[in-house]
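Chain nomenclature is as follows: A, B, C and D, assigned in order of appearance, with residue numbering initiated at 1 for each chain independently.
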């Protein structure tokens, strides 16, 4: 517990009983995914009638997150929803919240330390594994795969890379994986893919973020006349990750083969759900839930691991996918 | 410490008693400055050849050049501004905000994921985008010449504000449904080569000729060398600076257009972080940060050299965790080398 | 003047120009007749350069009109029109150091050389430049960067450029300040030839003998006002000085204190076999307490380099410098300062003043360690020291707080002298101490040097200005890096000029 | 810089029409420059008060100040470097790399998630971190003064290389298991207030007094105002510059230490993007980018004002998509205002 604390609302803190304001911090405003999330939060607030404070934006910076949380608390928040992009450095902020008995819900990331009421996230390792299985089976354990990693400084990116790499090594030792660091930048990815193509045939691509890599990859493959149907031996199998509408469109058009849908809608829905539950003083236990997910125990709280379905040509029209509901 | 006065390089420090250098030699050195990267590029090609047999292929080299195109336009603009003795950091944001604004004005409010205003016809997207670039340059130029705020700090602020504007309008999303005209240039091929290569080549040619053989181009050097003296020689320094700022921003907008075609969508992070590369390319290409020195040809070799370094590193498979470090160290080394080939002490 | 019917090439009437609260020109006029060499003189800050800016269209006057050959002047935006009417050598350098010599010559008109259609023919530019440089005997490659020229070469380049326009009216604002005797002679020769061809000049200089040498008419400004216009021929030097200073006392003859240095005076500065990197070789000299020694030399003689080496600005190849008997670590300014050397550098703008800081701070820059303990700088002590120095040197300013950049050139130079004296040095090394300073200020500056010597300090004056050298007890003359002569007090101008130009034969060396 | 010398003849603000005001006035104007942000800060407090009742509370204001602490140390260092006429962009990377390197040397190779070298005892972490900072400053200083590469471009390269070094060592992960000593300062409270507040307050006090009333501090102004003149006046310019670069980097390392305590771990992105804020704070606080002008007090007000702007914006609930834009526009406005309060035309 910090010696110095924002005193203004310490007195009014206490076990949240039933009602109270919810403070929501948005981690960044510069990605498709988080903007979808933000829209779901918005509609979720009005449909659930949660008393939410105006949202803050921490622009992907932990310092900003800490400052925003302080100001939300100062404005009377009794529960906080956040998505800390730096899972280690958020610890002090969580400690402070714990000191004031304000429950914290962490979306998308699992803080390394500091008490959380619930972590709401999809299993990023599962993303990597699903992509690995799909590609491995399609390529029948041979060929070369280019993997667009995100940023080294991003834990979710690292989780995906690790899971993908381990799975490939174990199950498909015949496949060569070229892992490319991209800092989540499309042009960097495109340039590296171009290089890889120049070094020999590429049979598969795993991109960890469709929002960033989809368009550049398709543009490049088009230019190189490599956007051919799966029946053609030159076909490159592509698995993406995110589940945005453009990926679905690309699957339908045969440009990519699959994507792992990162459930932006469920993130928002269950973040608000757990915030409400926290204010009502509800307790949860590990085990399966009523929404096809699993709550597990983590050292500093609980984690609800939401399902992240693999979307292929076969199920791309499934209306329960969030990507199919955008813009409707 | 003590030998600074005698140091040959700072032009002001002229010590009576020092004799003008022998004829010829010096001219050669000045030329050398513009061509100093040619051997470096040769070396990189050699290293690449050793590292991988796939490196020295027409396909790969064309790819490297195409990857240069967008950045090279920014470097061209920045080099002109630097030669004229100023700076513009906001170019990297213009790359993104100009296409986004143009698309926003053109794309209809309903029907797509990205809701624009749809107030202007679709054909106007490209001219509009260039116009927005020019407008941003106009603002920067006016502030630099009329309000006279230091260009470095002002354009730093503009960088943030313009990036914010792009975020605000696009909602941070990449925009996929862009008018085809916006995509054309970066996407198509002419005579078997990417159109962007022809476009950039032509622009550089025009730039090199203008700055080398035309009075208005030469006036940039005069302004950067000694603005007061340029003014007494009848050069309208403020007007020239204004035009240069506008040209540079327009080129950045064009770079944005090429980017959109090249990568298929208006990326949310388009241009982000480029300004580092832009400055590095210009400086190792021999353009002086103090103004008045350098050439567009040199700047071009700077871009190509940087892109080749990245390419060679990729072929060499530097572990991902270390490639940013390797990249940085190579840039630092290039700076040291260019410090000595240019022979210019910088303060 | 009986020339009422001749149309003047240029005339200014009722010109007023203010800079904020400062009135730089107050309802002044000037008329330059064809083929006339017209001198404009006045003390520092009298407004001469401001009038030049008005006459060349760089600034628009608040009131008044300028006419060329009877026609009203073009609007200030039309630079080309101005340039066709008047050419100018400005006081401030307008050479662009990063461009080649040739391009500087044809700046902003490169494409008019040779028969090209809009495109620049570098071949033609270089050829024409080479020819022009040849005419002026500037021996440099036209392709060389102008920043690499010597100060003198650059000044000559400016003059050559101004005269190459073919204008019928040329303004020269202190063109001789950076030239040595030979350069001045060459310039005057050329001016006379052009004048014979009908070109009119406006000539500004602080060297009154030059006015008498080449000008026909002189106009005097004082405190932004017009004081007098008269033919040079009928005007006595004293009257001219009185018009400039508004003070009938006239100038004191320099070098009159002439009290011989006592034989037993301590030797405060001893330079032995000093050799610079390339500028000078094997120079030895001594200066005793109360003595003023001049070091004279044309541009390139190595005199300035010698001075700078003595104070530690340059590191010598070999040789020693001793102050009051103790050797000083070579190549270290702090060492020289603490040994008791006070220094006035050659170029006050480049090496001397910190323009943004106050007079007080500039004056005490070298003595901050004496203004308080443990590195603390006591403001009252700083003010006391500064005020005392300002009084002693008669610095005209609103107070020690004023930024030094707001002072006139003469007063800035006095601040530099004050800085040299602030540390109560045993040895003063002054390099061209009166450069660009008006006659009156020059007198008072040199008077300060004499006073300092009278207090028992030793002074070394490095200069090629005869006036500076007149206060010296003896003058050592350098030529091409070597000491070639020593002239005791009482030399004639002709003798000195001959020595500086290297015409002095070895034999006439009149040592003690 | 080349044009600096040329302009020395009219160093002043050659805004035609300005002249030295009479005695006394001038001092007042110079002072005004240092205090020009005080009314702005007052205004921000007022706006905050109107916007939210929770704003003007001791708790919130202490929080704002504590949020300033890490940045303020960088601004202090940068302000000194700017006053001495140079620049250092790499400070933002030093904030991260110094603690990471120190931790790497100290944390044992086995047992934790982060494998260090464990070659040095745990108690040495903090001194080590500061030492690494000093070392980085030494490199920058030597390059600036001996090799004489333009500090802007060199430190830009260092920024990339150092960030790359941090990524390489930490593998891009935040390091959680740091020695307690590294956390202490940013974490603890003295006399009821965060220790970091006391530390920064003290450092600023020392800095303000040194730069205002001590010989070595004053020499920064002389060097920044005219380095050549400072040298002829016996100031060891190279040595002073070296020390200033080292001090600034050491302060950045200390900022990193405070950050680690404040946020509980060595963040992978610690310091990233701060340099924009650092320059903005220094400049709107009245520090001139041309050297020789400004004060540490002014720089301090600059940091506080910037942080208050962000705080007020949070309380004012600017929509998340637009807040970066608003932030940028406010910085631009602050630049315009400070251009006129300082009255200094900048080229």
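Basically, a residue touches a chain if its C-beta (ideal position, glycine included) is under 8 Å from a C-beta of that chain, and two chains touch if they have at least 3 such contacts.
Bear in mind the structure is a predicted one, so any value in this text is a computation, not a measurement.
Student: Moving step by step between touching chains, how few steps can get you from chain A to chain C?
Tutor: Counted as steps through touching chains, the separation is 2.
Student: If you tally the C-beta contacts, which comes out ahead, B-C or C-D?
Tutor: B-C
Student: In whole angstrom, how far does the Cα centroid of chain C sit from the Cα centroid of chain D?
Tutor: 43
Student: Quick one: report the Å distance separating chain A from chain B, using the average Cα coordinate of each chain.
Tutor: 35
Student: For chain B versus chain D, what separation do you get between their C-alpha means, in angstrom?
Tutor: Measuring from centre to centre gives 28 Å for this pair.
Student: Mind pulling the chain A residues that touch 2 or more other chains?
Tutor: Answer for chain A, listing residues that touch two or more other chains: 29, 35, 152.
Student: Where in chain B do residues touch two or more other chains at once?
Tutor: Chain B, residues with two or more chain partners: 11-13, 167, 171-172, 225-226, 228-229, 288, 291-292, 321, 323.
Student: Quick one: which residues in chain C touch 2 or more of the other chains?
Tutor: Residue numbers touching two or more other chains: 92-93, 97-98, 313, 333, 350.
Student: Touching pairs of chains, all of them, please.
Tutor: A-B, A-D, B-C, B-D, C-D
Student: Inside the complex, what are the residues of chain D that reach chain B?
Tutor: 1-7, 10, 15, 85, 147-150, 152-154, 156-165, 167-168, 171-172, 227-228, 231, 236-239, 276, 279-280, 283, 289-290, 321-329, 331-332, 335-336, 339, 345-347
Student: Which of the residues in chain B come into contact with chain C in the complex?
Tutor: Touch list, chain B to chain C: 2-3, 5-6, 8, 11-21, 23-24, 26-27, 30, 213-215, 218-219, 221-222, 224-226, 228-236, 288, 291-293.
Student: Can you list the chain A residues touching chain B in their complex?
Tutor: 28-32, 34-35, 149, 152, 179-181, 184-187, 190-192, 194-196, 198-200, 211-212, 214-216, 218-220, 223, 245-246, 326-327
Student: For the complex, give me every residue of chain C touching chain B.
Tutor: 56, 58, 79-80, 82-83, 88, 90, 92-99, 103, 107-111, 118-120, 122, 139-141, 143-154, 277-280, 299-302, 304-305, 308, 312-315, 331-333, 350, 481
Student: Enumerate the contact residues on chain D facing chain A in the complex.
Tutor: Counting only chain D, the residues touching chain A are 52, 54-55, 57-60, 62-63, 66-67, 70, 167, 171-176, 187-189, 192-194, 259, 262-270, 272-273, 310-311, 314-315, 317, 320-321, 323-324.
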